[in-house]
Amino acid sequence: MMQKIETLFVDLSDWFIAWLQSLGVPLAWADGILLLIQFLCIVGIILVNITILIWLERKVSGFIQQRPGPNRLGPFGVFQTIADALKLLTKEDIIPSKTDRWIFLTAPILFMTISVMLYIVLPMGKDMQVVDLNVGLFFFISLGSLTTIALLMGGWGSNNKWSLLGAMRSVAQMISYEIPLALSLMGVVMIAGSLRLSDIVAAQDNLWFVILQPIAFLTYLISATAELNRGPFDMPEAEQELTAGAYTEYTGMRYALFFLAEYTNLVAVSALASTIFLGGWQGPWLPSWLWIIIKTYLVMFIFMWAKWTFPRIRMDHLMAFSWKVLIPVTLVNIVATGFGLYIFKGIGG
Amino acid sequence: MYGTGLLKGMAITLKYFFSKKITVQYPEEMPQLQERFRGRLYIEFEKCIACGICTKTCPNDVLSLEDARDENTKKKKLISYTIDHQYCMFCNLCVENCPGNCLHFNHDFEMSKYNREDIKEVYHRPPEMDQVASSAGTSDSGEASEPAPGLTEEALKKQKKIEALMTALDKNPVKVLSRYVENEEDAQILAGIIQADRSKAEKIVELMADDQDKARKVAVAFVNKEKKQRQSQGEGGEKHEHE
Amino acid sequence: MLSTERLTINIGPQHPSAHGGLHVEAVLDGEVVLDAIPHVGYVHRSVEKIAESRTYAQFVPYTARLDYLGTHLPVIGYVQTVEKLAGIEVPERAEYIRIIMGELSRIASHQLFIGSLAIDLGATTGLLYCMRDRERIMDMFEMTSGQRLLAAYMRIGGIAEDLPAEFIPAVRSFVRDIPKMIKEYQGLLYGNEIFQARLKGIGKLSAEDAIAYGVTGPNLRACGIDYDIRKAEPYGIYDRFDFEVPVGSKGDAWDRLMVRNEEIIQSGRIIEQALEQMPEGEIQAKVPRVLKPEKGKSVYHRIEGAKGELGYYIVSDGGEKPYRLHVRAPSFVNLMALPLVSRGGLLQDIIVNIATLDPVLGEADR
Amino acid sequence: MSTQQAVFEDISKTWGDQIEVLEDQYFEGVKVPCKILPEIFQKLRDEHGFNYLANITAVDFQDRFELVYHIYSIPGNRKLLVKADVDHDQPLAPSAVAIWPTADWQEREVFDLMGIRFEGHPNLQRILLPDEFEGHPLRKDFSMKG
């Protein structure tokens, strides 16, 4: 029984391919169709996840502030997000007349697309990965940095001073924090000896990398917060300063797309953190796909907890922190890891 | 060390994450209002002597009244009284200055209306207040002050009876009430209820003047309800019903 | 070197940090502020003109709407001015009650200052905790006057109603809890490194500039000038209490916060002493129903409001209404220092400066 | 109070009978002609330490305006009231901005609501009311009917 649940999704896809082949479809085609279905599943997972996540964020913020949070629609208010999404869907899509029209219109779509693409390489359980790229981590980091362009498009296309300021901030911030983010993952890559995410998970059979690389885990969390534009690093939005930054002119579903994409990124980054540092889908008793969900949500709780505790950092401090603290620390960490590996191999070999 | 302040903050927020939530869930749970809370302003029409001090003290012209001379007594009497709540600042000046003590604030704070006109509250003179039927002198107030003849006599009698009963009730409640319930103990319980809730007292007195049997029934019902409540309170600890 | 264009952006009047209708025209070079010009008047209600058409007693509730965050203080200032004008002696007990209500208002105002500073810096939770603690003061206001925010409790010659029985225990327990509250703000906000970095050294105001620009109240004391009207010219019965006037040293945003934080503690001390000394007795002096001060008399009376020197200048023409009433509003004058403290800083510092100068626009615009 | 005495003696020595000392129970003051205001302010600030201008306001007496200045000396904890009459038909007064920068907004407010023009003010514009507003509402002849 346990085995059945564990391999539930893998069995399903195997059965599906077998069924297609029995209908006379060639294997290559069947694989293609499966890929398409997998992609649709990812979108589904994302949407479900986000509804839960936005609800959760409100609950966490409420609980921290001694409020019950949303509690009107459905049990514990779980349908609140759905109601909000419906509301945003039915709202008028206002496009200000002075905007750079096409840039303005495509920015949210691009943002969302990039965010969804991140999920392709994430292992969501044992043998559950859409594409197991041999440069999976590299793919993830490089795609992640593309979201800057979408934000810049939104800020530029809006033709609004607040939006522009927000977009400029976001570019400066993302470029600065891209480096410590990548560097903090390097230590793990050095130990695992691979950029393939499934290899990295497999390398944590005995020991999670969070124990071997605690500093890298911390720097990853910090730079990921900055990459996600979340508090205390939410410069590009900075509600109290820039009203809504790059999103100021967006309304209705276009605004919702930005909003959703941010949460999509949050899930992706948290899932990556649990894959790389917390042993991925590995864990006792429960099926692997449940483990990754539990770990991801735990990491996300840390993100939320920090957001609702800290004030926003100042722009110049933010840059200084990246260049003067995070990057040196991550570099030292890499050197230390190299030494450690050398000594370890020297003893072992 | 750098960072301890951040961790301390996180410890505080985590502590509150698990603490009791303090939000009042308003429509289901009414907020605990203090005794002096100023909600909606209202007037006890019967007590008003139409002196007009309230309209003069009001800083915002919220209050206005319409009066007329009574033909028989040559006294001023109130025809209608208007409270335009939308301009009220709840400053309490009218309440403090009312010589007849007939303006009050109650605890009703749900005053929003869909139309601006609905905010204005107009009190008309109730017909039974005109003790002697008079056809002249009240023509300007229209339907409100032209009671049907005959009814006034009866209403007047009843009014007097109620008043007498009320004073008796105030003086010695147990004695009056023991006629309507089985024993003295029940009468005492009923007296307590009536003292706590004026509206119940008025209800019972009205019934006493009207229909003795019905009054008895209602009195017994009140006592039984109270007894039950006391019992359940004994089980569930002390609970104060908040009004 | 790239040539950069100047960017003018309007912070407010509709902006999350505009504190209720403030409009700041910020001239930026990138994120660096070249100038920040405040524009006021968006909530102007012409209170001074209204006063000329109301009797002295009728105008009392309007004054509560000036500094609505420390609601009793402007009312106390007004009634004391009228009492000076008409030569009315206030009973002892009423004086003590006024002190207690006034200091509670000051605490409420400062708590909201800390909270709104927190939310302007992005720490939403700080606001909620401050609001929660301020709620207890609001409950006490409701207990005494029946109104929470705009309590019209003071009357010319005394107060409206005596204290209810449950008030004194409530105040005592609140004053007892002040150190606990401060400790929590300390843990969540002041101790936070990000919070300190956002405030320390930001928006410096020199003592000379502060005096020249007429800055008063906690903002002046943050610059290192020991000037508190409660000590300099004790009004009411402030000379009977033992309290300290907290003074800053650098005049930056951090000092402005710390001075207010310390003032909460000192106000607690004053309330404690007032509760000890408060006598029983009358709460309202005999005041003629129609108050007609002497013709041609004028009085300027000032009190230490939550934001600074709150003064009333009233001219009487012998009638039942003031001939002229002028409010010297601390927020209005303090806002003049905003360009001074903002120039050369970053855009984000403007928000900090608005929050720490603590203007309340109901008072600035009148 | 001796220093306060010295102030009165000093200014009445300089300006003689142009100065009228006001009897006030709470606030000692002088009434001076409008045109010597800058000189007297200069003297008060530089020689007598009145470094703080708390309040400027004006009263419309229908035949004349009265400007009212409340001035403090902050370390000395002294205060002084200065009043000056302004002509009703041609309301012009010298500005005090050069002496106390805090006069800036307060004079703008007086101009805005009372309509007294201050000569030498760097930026005499309406401050509380919109720029296109007509009339000065605190004047007694301002119509309250919209």
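Observations on the model:
Chains: A, B, C and D, in written order; residue numbering restarts at 1 for each.
FYI, a residue touches a chain if its C-beta (ideal position, glycine included) is under 8 Å from a C-beta of that chain, and two chains touch if they have at least 3 such contacts.
Since the model is a prediction, treat every value here as computed from it, not as a measurement.
Think of each touching pair as a link: the shortest run of links from subunit B to subunit D has 2 of them. Taking A-B and A-C together, the chain pair joined by more C-beta contacts is A-C.
Across the assembly, the mean Cα position most removed from that of subunit B is the one of A. The chain closest to the protein's centre is C, with centres computed as averages of CA atoms. Computed centre separation for the pair subunit A/subunit B is 60 angstrom, with centres defined by C-alpha atoms.
Subunit A and subunit C, compared by their mean Cα positions, are separated by 46 Å. Subunit C and subunit D have CA centres that are 25 Å apart.
A separation of 64 Å divides the Cα centre of subunit A from that of subunit D. Looking at subunit B, residues 6, 9, 12-13, 22 sit in touch with two or more other chains. Residues of subunit D in contact with two or more other chains: none. Each of residues 125, 132, 188-189, 192, 194-195 in subunit C touches at least two other chains.
The full set of touching chain pairs reads A-B, A-C, B-C, C-D. Contact residues on subunit B toward subunit A in their complex (touch as defined above): 6, 9-10, 12-14, 16-23, 25.
Per the touch definition, subunit B reaches subunit C in the complex via residues 2-6, 8-9, 11-13, 22, 33-38, 57-59, 89-93, 96, 105. Listed in rising order, the residues of subunit A touching subunit C in the complex are 61, 64-67, 161-162, 165, 231-232, 234, 238-241, 243, 308-317. By the touch criterion given at the top, residues 40-41, 44, 46, 48-49, 53, 84, 211-214, 216, 225, 227, 232-233, 298-302, 309, 311, 313, 315, 323-324, 326, 328, 332-333, 335-336, 365-366 of subunit C touch subunit D in their complex. Contact residues of subunit D toward subunit C in the complex are 26-27, 51-55, 57, 59-60, 68, 70, 74, 77, 79, 81, 100-102, 104-106, 109, 113, 126-130, 137-138, 142, 144.
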